[in-house]
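Starting off with a structure, shown below.
Order of writing sets the labels: A, B, C and D. Residues in every chain begin at 1.
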Amino acid sequence: MNVLEASDLKVYYHTAKGVVRAVDGVDFIVEEGTSVGLAGESGCGKTTLGLSFLKLLPENGAIESGSLVFEGDDIYSLDEKTFRENIRWSQIAMIFQGAMNALNPVFKVEDQISEAIKLHSNKKKKERLQMARDLLKKVDIDPTMGRHYPHEFSGGMRQRAMIAMALACDPKLIIADEPTTALDVIVQKQLMDLLRRLKAEMNLSLIVISHDISVLAELCDYLNIMYAGRIVEWGEIEEIFENPRHHYTHGLISTFPTVEDEEKKSRFEFIPGAPPNLLDPPLGCRFHPRCPAATEICMQEPTPEMRRISEKHYVACHHPRGDLD
Amino acid sequence: MTISTRRKRFNRLIKRAKGFWGDYKQNKKGLFGLGLLFFFVLFALFGPMLSDNHPVMDWDVGGRRVPPAWFKYLPGFQYLVPNLDPIDDVGFGDSDELSAWDIETNFEDSFTVTHSTEGYERGSGPGSILISLDSEAIEPSAANIKISKTFSWDYSNPPKRFRTNLNFKAEGVEGTSLNIRLVLVDAKRVEYVLWQRDIISDTIWSYPEYKVDSYSIKVKMIFPDGVFADPAHIIFNGTGEYEFYFMASFDNIDTESTVTTHLYVDDLNIELRGTSYGLLGTDQWGRDVYSQLAHGAKTSLFVGLLTAFISVSIGLIVGLFAGFSGGLVDEVSMRFADMLLVIPFLPLLLILIAILGQSVLNIILVISLLGWMGFSRVVRSQVLSLKERTFIEAARAAGGSTIHITIKHILPNVMGLVYVSLATNVPAAITAEASLSFLGLGDPSIMSWGQMLHDIVYYSAIKELYWVIPPGLCIALLAVSFVMMGFSLDEILNPRLRRR
Amino acid sequence: MSLKRYILKRTLYSIVLLFFALTLNFIIFRMAPGNPIQIVASGVRLKPEMVERLIELWGLNEPLHVQYIRYLKSTLTWDFGYSYNSLEPVGREIMERLPNTLLLMGVSLFFAIVFGTVFGVYAAYKRGSLFDLTTVTVSLFSYALPTFWMGLLMIYVGGYLFGMFPLAGTMSRPPPLDPIMRIFDLAWHLFLPGLTLFLFQYGGWLLMMRSTLLEALHEDYITTARAKGVAERGVLFKHAFRNAMLPLVTNIALQIPGLLNGAILTETVFSWRGLGLYTWSAIQFTDYPVLQAVFYIFALVTIVCNLIVDIVYGYIDPRIQY
Amino acid sequence: MSQTPIIRVRNLRKLFPIRGGGLSSFLTKEELFVHAVDDVSFDINTDEVLGLVGESGCGKTTLGRLLIRLLEPTSGEVYYRDTNILSLSQSEMRELRPKMQIIFQDPYESLNPRMTVLDLVAEPLEVNDLIENDAEKEEKVAEILEQMRLTPPEEFMFRYPHELSGGQRQRIAVARALIIHPDFVVADEPVSMLDTSTRGEILNLMIELKALTRSYLFITHELAVARHFCDRIAIMYLGRIMEMGTSDEIVKNPSHPYTRALLEATPVPNPKSRKEKVNIKGEVISPINPPRRCRFYTRCLMAEEICSRLEPELVDIGGGHMVACHLNQG
């Protein structure tokens, strides 16, 4: 069963300079108990997509159209109050990028966790604080640390506290937006272990958003590759890493150096150019200016549709890699 | 290549300026502020030209404490009358001016009345009237000459006040008795002798002072009510033709004498001060409020801009220096700034001005010297945070000296703050000067809005709204214009500074 | 470093500042022209031995450093000498007036903070709305209006036009005998000057409240709070407000000197028998002992307020760097 | 690759004192120091790229700054060829500046937002009086921009940093460093702020343009990047070098438990090689006055009694592979 299903989702920002099509027709599926990765360069719209699942866009942004289904129920047309009370955090929680600023500096950590519980249950204060401490324990933080303020926590601990807060209402789905960015590798590794463990223990579904596909490779079952407001490839993670069909996916994977290589490389792979400005994306396939295989069609034809490669592998490309043309 | 690149560089500059203007245009507050400022600059430049009155020196240009002329269109103010000055050339600068007067005598042949440029000593203007009496051609009995001017008073209400004037000099009077008088005749032909004098010997020019003032007790005493009388009210009791004349009567004339008697007359005048005046009325001393307001705009802008410029410059220099050198210099200058900040500004300002003397330059100097601390702290903290920025380190790594770094990297990045601070310091300086003047420590030779408000309180004129509203409103609007520009400059320039 | 040490540090610093202020105060009045004798004796011809005696009395013949030390000693023991004008002890005159000034400042500051904060928060909450626009515009004007002019208009409207409030003064003459009526009488006199001084501060306060709050609303933890399901009201009043509080508390201290300026002008306009009016009349008479004392009191008030705010800040900000 | 060292570092230390303002210093009894760099010695050879790998706060950035004297060390020596640069006066140092340059981590921060590309790139030339006139300036800038693949150069010269993408900015930063042909460049995490897709371009350019310089100190927290970019790698932990050797040695034959933990923690873009738990415990201890023992002691799973008493020295265990660990010295 699918926990979350989004189809043809469009999220636009209305700025002084024009309309930014941050998410421009995206289909997205999260199966129950799986973790789904969302990879892409900065500014491709992945954070916006994550926020739109929580209907938590900045003031100038709005979901323009599409459908959003959570556990079979339409949440797209739900009004703000009902959504806030019944879905947000109690069903779908989020772990934010840079836990540095995501915790309010003037409240104690346990109070912040307890507030999340308070908003979605009618438990007594004592009970809530106990729950908060239990949650801290669950994420390997000394429960007595709950009485401290966020600035007394290290970066890793803050991110753990953030995870504890996300778990507070026993949600079905957690969206983790760059959960390990700006953390040291060892802390990052420990956090990934924690997330994996929690996911198994609590039967969570997980959306992991990251620009670092090596993080996603460690954490996810499925992978979505996003480019300039659109999903360009989607599939089971091993399949995608083994047989990337979109040139962008291939580029992303191969640009990643690895310590496991036998030989020292003397050259690094890269994708030339820079991601397009979403105010004015290129016509045709949005990747064509950077694509090594671009042809006339890619420039002229409208954006390619998702094409089925196998049951769990789709790609949006006119000339997918490995096609016999 | 260099010429073309220079042009390119110039074009970039133009583009940046245009970009800034584009941003600024979007900002309604900023545009409103700029518009207001533009208005005040125009007002300060051209406003004083619309009125010849000196804001401080010219007293009694209208009735005292009278509302503006246009008040008569308001309900309840229909009684207001304007000034009336029946006599054009008080100084008798031109011989043609004589024809504006009616001259009557009882011995046509004996009197000659001419325009004279002689004898002019104390009277104003380039000429005077010369009345010559040829004693040989006359009988020894009374001979008199009357110089009169008829004017019409078209208002059913009397003026607030009238004044008449006269300067004269008599020569060759020895033995002759001479009586001169100033008379006002009302529409019903009732004559009021306002002033008269007997002259029995040669007289030098009389002093140029108003011989008659409807406010003076001497004139009031002519009437039955004495000191309680209002001569203007009594005389101007209806519409019609009024006559003002000067009369000289000669008696006991020595017909044997060969000496011609000369009587020089100058500044013969009557001024009717109405119950309304000009654009904005008059103050306690009958000075033109509009003129004060216009000159006040000049003062305020001058004081505001110059003070802001000086204090921002000091703040910038101290802030840059403290922030960049750090250590003891920083500590000492910032502690000094702290100290000045805890000393209450206004009392210190008052006492310093009281000590140094009430001149506008002292005011500017003292306000600037007490107004740099806040900005120097802002600059210092900006410099400190800039110092931590990598591009400063990069410049140092490239081999740049401290001077190079300060000029090329630090200064351009604090200019945004400078503009904003300039804009916000101006209203502070304007208000400070106004407060000072309001408390009676302004420059007495210069009119400022604060001075105007001071006068209002000093003469308990709070009820005279036409006088109260303009200066306060101008201070407020000018301050608002700078505050708004400061706000919008801050919005436009400083996010850029923070944005990466 | 502990909070205790932080407080100790701030206290020490305040003492140093006070010392600086005292010294500056001494220097300024040394520089001032006019011999006190001349001022006191204006109009009266004093015999040389009387002048001598006065010089001795005021200690004007001693070397500067002795004068300085005596000045420090007497100032710190609340002995400000005698007024040149009234020849009364300055300390007593100040103590008569200080409560009036503190009352005026305190009441207006209190209401400015309350109203400025409430409307500021609400304007930030309704940002972009008509309410926001009007409040901001009104505040901008009240921020820029000259205090004394506002006072004049108050007198005109409240005093003349409607005749509801007294035109000037601190109490009716003679003051009512009944203590409750006395309080009412005082409040009645306080209303207009209080309102003036309130308006003087309210605008700036509101604008700052609004902008710090809007700034706080852009922080990441606000998104977290919203994501947790906190309603917009709670986001604003709890999460953003607690953070925006910190700069506001600092600002109270920064406002004190400005408030004193406003108080002097307001007191002058309304003839409110406080230190401001006292300063003003002292300037009219070049009454140096009074001015010197008033300076000291103002600096003291400023420094003490700063210290209190620093200490409060230490308690409310968990992140403070001691 | 010649083996003559271009930079020699001997017992370098940098302690940052922790104190409040001037007034409060007399209230503080004991002196506290952050031991950012604590007794570090190594050489960088001519034409060599030395990688300096460590987690945030380990002192690697401070070390990089010390090498080109952007910071003054507490003690120790840094030799550029045969000159001890720490003994030079400010003006002598400025003469040496063109020989040693630095590329910063954050291309958004390291370029003055109010200067054009032309002025930014030419700044090192101008402040060191290496150009005569504007024409020469433009010529040289155009040349290096072209080498940086910022073509046509005329189009970039008059832009401001905010009109460029992250990758382009970092290329400007590299151009700035290389335009005066320095002997030695400290590259402080030059690609960590960039999208992975554009990193390769910068790294390739840095390799290609190595002809313009001689040696790099490449500071990074990513072992994977260091493994491919560097000839040798030094692993740093809490102000000290834990292990140093050729990049192949370090990756294939890690001898320090910390290096091993780093390697285990480094994510691999391959879902099939997911690794199990990392062999390390606890978190990094505070760098303020650390106790005299092995700095890794608190987190090491293999720690023995000696580790709590004695700070291990960096010892060659063969072939230039150096380790600072009591357990790997036999």
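One rule holds for everything that comes next: contacts are C-beta pairs under 8 Å (C-beta built on N, C-alpha and C of every residue); 3 or more make two chains touch, one makes a residue touch a chain.
Computed from a predicted structure; not experimentally measured.
*Asks:* Looking at chain pairs B-D and A-D, which one is connected by more C-beta pairs in contact?
*Replies:* The comparison resolves to A-D.
*Asks:* Pick the chain whose C-alpha centre of mass, unweighted, sits closest to the average of all protein C-alpha coordinates shown.
*Replies:* Chain nearest the centroid of all protein C-alpha atoms: C.
*Asks:* Report, in whole Å, the distance between the mean C-alpha point of chain B and the mean C-alpha point of chain D.
*Replies:* 70
*Asks:* With chain centres taken as the means of their Cα atoms, state the distance from chain A to chain B in Å.
*Replies:* 71
*Asks:* Averaged over CA atoms, how far is the centre of chain C from the centre of chain D? Could you give it in whole Å?
*Replies:* Centre separation, chain C to chain D: 54 Å.
*Asks:* Suppose each chain is reduced to the average of its Cα coordinates; what separation in Å results between chain A and chain D?
*Replies:* 32
*Asks:* Give me the residue numbers in chain D that touch at least two other chains, ranges are fine.
*Replies:* If we look for residues of chain D contacting two or more partner chains, we find none.
*Asks:* For chain A, give me the residues that contact two or more of the other chains.
*Replies:* In chain A, no residue touches two or more other chains.
*Asks:* Would you please write down the residue numbers of chain C that are in contact with two or more other chains?
*Replies:* Residues 16 of chain C touch two or more partner chains.
*Asks:* Taking the complex as given, what residues does chain B use to touch chain D?
*Replies:* 1-2, 5, 8-9, 12, 328, 331, 389-391, 393-401, 404, 408-409, 412-413, 496-497, 499-500
*Asks:* Under the stated contact criterion, what part of chain C meets chain B in this complex?
*Replies:* 16-17, 20-21, 24-25, 28, 31-33, 140-141, 143-150, 152-153, 155-156, 159-160, 257-258, 260-261, 264-265, 268-269, 279-280, 283-284, 286, 291, 294-295, 298-299, 302-303, 306
*Asks:* Quick one: in the complex, what on chain D touches chain B?
*Replies:* Chain D residues touching chain B: 21-22, 65, 68, 70, 94, 97-98, 101-102, 104-106, 108-116, 118, 123-124, 127-128, 133-135, 138, 157-158, 162, 173, 176.
*Asks:* Please name which positions on chain D make contact with chain A in the complex.
*Replies:* 55-56, 165-168, 195-201, 203-204, 207, 221-225, 227-229, 247-248, 251, 261-274, 277-278, 280, 283-284
*Asks:* Within their complex, state which residues of chain A touch chain C.
*Replies:* 51, 54, 56, 84-85, 88-90, 93-94, 96, 98, 100-107, 115-116, 119-120, 149, 151, 162, 165
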